[in-house]
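Look for subunit A in each of the two complexes below; its partner is subunit B in the first and subunit C in the second.
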Partner chain A sequence: MFKLFEREALSVEEFSKEQTSVDVRHLCVSLNAKKVLNDISIRIPKNKITALIGQSGCGKTTLLNSFNRMNEFISTHEISGEVWIDNRNIYDKRERVSRLRSQIGMVFQRPNPFPMSIYDNVSFGLRIQGEKRRRFLDDSVEKALRNAALWDEVRDRLFESALTLSGGQQQRLMIARALALEPKVLLLDEPTSALDPLTTLYIEELMVALKQQCTLIIVTHNMQQAARVSDYAAFIHKGELIEYSDSDSLFTMPNKQQTEDYITGRYG
Partner chain B sequence: MISKLSLLTNKYVRGDYAQQFKQSLLEVLAMLACATILIVLVGIFAFIGVQGGRYFMPMSAYQITTVHTLSNAQDVQGKGTSVPDRSVQKEQIQYTLSHLSAAELASSLQQKLLIQYIAQTQEMPKITVSAADSLYQINTTSGQTLVGKFVSLQEGSKVSQSLANLVVLQSEVARLQQNLSDIQIQRLQSLHRAISELDNKQVARDTPLYQTTLAEFMLWQAHANNIIEQIGSYKINIRLDSGELLSLAINKVQDIYQPNQLSSWQSIGYILNKIVVFISDSPKQASTSGGVFPAIFGTLLMVIIMAIIVTPFGAIAAIYLHEYAPDNRLTTTIRICVSNMAAVPSVVYGVFGLGFFVYVLGGSIDSLLYSDKLPSPTFGAPGLLWASLTMGILTLPVVIVATQEGLSRVPSNLRSGAIALGATKYETIVKVVLPMASPGILTGVILAIARAAGEVAPLILVGAVKFAPTLPIDGEFPFVHLERQFMHLGVFIYDGAFHNQTESQVSSLMFASCMLLLLVVLLLNLSAILLRNKLRNKYERL
Partner chain C sequence: MRRQIQLNTHISAKYNQELENLKHSVLTMGGVLEQQLVNTLVALKENAPSLAERVALNDSRIDSMESQVEQECMRIIAKRNPTAGDLRLVMTVSKTATDLERIGDEIARVAKLVTKDRIPASDIVLSGMMDIGNRNVAMMRATFDAFARQDDKAAVIAHKLDTQIDKVYKKIIEQTAAEIQSNPQDIAIWMDVLWAIRSFERIGDRCKNICEYVIYLTYGRDLHSSSMKKTVKKLLK
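And now, the complex of A and B:
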């Protein structure tokens, strides 16, 4: 009887190699001579939504950025440890960073469409990869827009400026732009913090649907959202990974006092 | 009423009044400053516009009669009898054209005389100015303006008193001239070529072929001379103010009219004609009449070449400084230096251009490529290319600074968006950043163009001259002659201002050129601003 309602959530320690999408080992990151992440080790499961929660400035975004090496965008950085994606350490010297970034999609807090047409925005990544076949580009753009649940709204104005879209549409366009490259991992950095509740709901549904295709890692300040959407959740505090488990247990019966304090809103 | 009063008293009580007074004082001062600037700006435009516009207005013809009284009459005192006045009056007549009204002209002449006669005992001559409606103004093809009374038209020995025949004669002259050019182009040219070819082949002069060709050439030459003589026989006779009879060949007459009897339509025609001549003709009579086409052409060409040179250079330098250069003290120093380069006096750039580009660079180009021509320089002399390069260096900091500003205005989340999609830094810059920074780059180019078009001092040193016989672009191979000297509107004005400050005609030509320079700069700016706004609309967020 109870079995019926129980989720088949695996314990975070039990992921096999096949089930793991991102494997972080002893990651330490300093940005501008300030230690931001301290010895983080975390395994993020494939085709699941993992939420990173914690107060502002705790290092969630830095952790997210370490998955596609966006931290190197900041001038002074120091990174030690390993991040394994697809059986390779992305911090290896031989790693081609731009190729890596094309395989890991990222959606930012605020929609940042390029000042080009909708079509050009979605096909931007593919064109950068040297894709020139018009037919293939057309198909990819349509597929990505369908996956981002935007196709029906923009099919008649693909060649209008992306800036004419509303905020929610722009954010979905950003998801479509990332999806056009068919990434294995999709990183979402507070994707709904600038959107209204209804649009947020829309994007959350979209994230659940996208689980089929890729692993999603989401940074969020919204506890309800994290509880609603994610399969697993990690609580980070002051650069340390405090607790990581499946969302049901983390949000209902956290092991650590700090976690409980945070999710019940006592601090942060 | 009471509540209002209480509010007022409240204000005083709380000391708000002083505060408010201070605020309104500042406001008034700011408004005054703005108004002053506006008035000055409008004043400049109005002054240049009025002074320059006068050049195009038709002038009236006046007859100035100056009566000198050469007095040798002596009043014999004490005898009570007066000796008959033996003073001699000498009348002098002068024809003149002026924008002024008769009274204004008279008073201005009077004033001049006053200065002239201030230290002399002689009696001042009397001046009367009257509109001379019967006078004709003749503009010759060489740019001269003549004023005089029409006497007759002459066709060989036939003389007619009516000016109505002029049209007939002019068409006759035009027909003759057409004949002449036909002969010159179709016959004489080919014959001349044939003869020189024979000369080249060293054919003896007494061969029949040579003889017949030469005879034919002579025949046509005589024919042509005959026509030239015939053309010369069509004349118009004018009596000038000195009383001298002037015979002018009709083909030298560009137009003839009575300036005081122009109808309003004719006046408009005159103005339009003058504008067209001003824009399309080259300067005549030592830059006192004619047009300024070579100067417009030279200015535009120089500015365009400069823009072609400076835009990519400045943009690339700015991209390096803004995007790639490490953030250290050296970069900061370079940035400061670049900004300060804009403050270097332009004549310094001119001297640099002369010393480096003309003498060093041009000299070595000459010795390498044009050594056969050498004592006379090809690139080793001031010319269009060096002027453009010098102006390019002069305006480089402007472009760099504007581009840097444009680059820093591109939001960083667009860069990270492109980077996150797998674009390299180069791809991000080329595909995302540069298109968005293009309005900034264009702003720089606009400023550069405006600066270069108005600059004078460095241009005098590196290639702009007051009169250039040929344009830098013509039909002669290789069509674009970058080594040639050129004319520039700013230099033309500078030169005109020195020429002849007293003659109103010349100075109004200078003012007209000034107005044109303003218009050219405004036009260049306007087109660039429109282009920039178009780009802005495309790339700025909504």
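And now, the complex of A and C:
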């Protein structure tokens, strides 16, 4: 009962440098000569779940992709501003993209396991990094699968094809694959949109548990999911950050009319 | 921040209608209660037990309305997952319905004074009861009006009306105490009268609660919170 009366989320303006995982400063992104993100500044806290919400095409995924420089795969891109992760500006010319991506895990809308065994899927990232020690790989795979709440279901068939897993298991495998590299930040782009409600709840529970290990940033179209799992939420509209606050405030008493209209289904 | 809730702007027309119906149901309950109170005062003034009986019987209708409003609130929460202003509206309606049901009980208690032939013999006490009762009617009207228009200023003004009701209540209690001292043999009747006077005072408190819900609906904050003090001052200017 005490917790109910003592609960108080730290305001988004109050994050100290140590509490900040991702610090975005005046980020502008143009893709194919079209401005997608306009002057976004946002501090994402460590070991919390932050949800990015907004209409399709508003720039949520582009913002998410900015955190591991995935936008650079688009040939005509223009990026200005800074994104600081762990006191390093990831857009600094000296920054190695491969090193960055090994620290920022990403899970997509649809699970995309490689056509190889469960074990090989999870150990793939480590092997790419040159890790060959069998014992180390075994331990890492087990740890990642345990953290992704999948170990008990696959421990006896680690060397079977990952394609034989169900949709929910495949998505957890994708999380395990990302976790194997022990990322500082885990980006999730609509991770449950292709899953049934129960599997969705399992993944959500998993996300809450993973907060202990890394910072989670989730893009979701499901308002209830954002309200259920996120500690902080940012509403983006037409490339602009409209409102960013703790989720309890944003979903009960948003400051901006635009946010209220969106979360209550008043957008036409 | 002040926020007027627009009920007709959702993408889902059916949802618009559901929220509009919910709000309307509270106003319907309020209308029935207002009539109940007016009838009770007439029955008290004219010693009309049949009218008072009708009021007492009608209370079950209020109970049933409250139950239906609660069910609808639950249904909307479960099916629509309301957020922000919509959620505050559903919560406000649910809490208001509870207070309205209690107002119904208080009115029925006063009506039973007439059906049980326990109208106070003292003119001064009776006129005091009519005074507080009429103030209750005025406060109820002001409260429902504020609710219907989501008018924060009207809610704060209606909220203040309870201060006068409390003063009148105190005065009647003193007068009744004096009457009891001079007619101690009728103590059983006076006890019922005291409970009825107390019911009038409680109706004021319940209306006050509803005014606070209207403020919560508009601002998302409690009327008594420190952050609302300046706002209330500004509204009363």
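Heads up, the rule we're going with is that the second predicted complex is superposed on the first by the 262 of 268 C-alpha atoms of A that agree within 3 Å, B and C clash if a C-alpha of one lies under 4 Å from a C-alpha of the other, contacts with A are read in each partner's own complex, and residues count from 1 in each chain.
By our rule, a residue touches a chain if its C-beta (ideal position, glycine included) is under 8 Å from a C-beta of that chain, and two chains touch if they have at least 3 such contacts.
Bear in mind the structure is a predicted one, so any value in this text is a computation, not a measurement.
Asker: So if we stack both complexes on subunit A, do subunit B and subunit C clash, or do they fit?
Answerer: With subunit A aligned, subunit B clears subunit C, so fit.
Asker: Applying the touch criterion given at the start, work out whether A:178 contacts subunit B, subunit C, both or neither, answering first, second, both or neither.
Answerer: After superposition on chain A, A:178 lies in contact with subunit B alone.
Asker: Does subunit B (first) or subunit C (second) touch A:102, or do both, or does neither?
Answerer: Only subunit B is touched by A:102; subunit C is not.
Asker: Under the stated touch criterion, which partner chain does A:224 make contact with: subunit B (first), subunit C (second), both, or neither?
Answerer: second
Asker: Put subunit A at the vertex: what angle do the Cα centres of subunit B and subunit C make there, to the nearest 10 degrees?
Answerer: 140
Asker: I'd like to know which partner A:125 touches here: subunit B for first, subunit C for second, both or neither.
Answerer: A:125 contacts subunit B only, not subunit C.
Asker: After superposing on the shared chain, does subunit C or subunit B touch more subunit A residues?
Answerer: Of subunit B and subunit C, more residues of subunit A lie in contact with B.
Asker: Would you sort A:87 into first (subunit B), second (subunit C), both or neither based on which partner it touches?
Answerer: Neither subunit B nor subunit C is touched by A:87.
Asker: Which partner does A:16 contact after superposing on A: first (subunit B), second (subunit C), both, neither?
Answerer: Neither partner.
Asker: To be precise, I mean the smallest distance between any C-alpha of subunit B and any C-alpha of subunit C in the superposed model; what is it in Å?
Answerer: Comparing every C-alpha of subunit B with every C-alpha of subunit C, the smallest gap is 33 Å.
Asker: Indicate the residue numbers of subunit A shared between its subunit B interface and its subunit C interface, in ascending order.
Answerer: Common interface on subunit A, subunit B vs subunit C: nothing in common.
Asker: Taking the touch rule as given, give the residues of subunit C at its contact with subunit A in the complex, in rising order.
Answerer: Listed in rising order, the residues are 1, 3, 6, 9-12, 15, 81-88, 220-221.
Asker: For the complex, give me every residue of subunit B touching subunit A.
Answerer: These residues of subunit B touch subunit A: 327, 411, 413-424, 427, 431-432, 435-436, 538-542.
Asker: Show which residues of subunit A lie in contact with subunit C when the two form their complex.
Answerer: Of all residues in subunit A, those touching subunit C are 223-224, 227, 251-255, 257, 259-261, 263-268.
Asker: Please output the residues of subunit A touching subunit B within their complex, sorted ascending.
Answerer: 68, 70, 73, 75, 98-103, 105-106, 108, 110, 112, 114-115, 124-125, 128-129, 161, 163-164, 174, 177-178, 181
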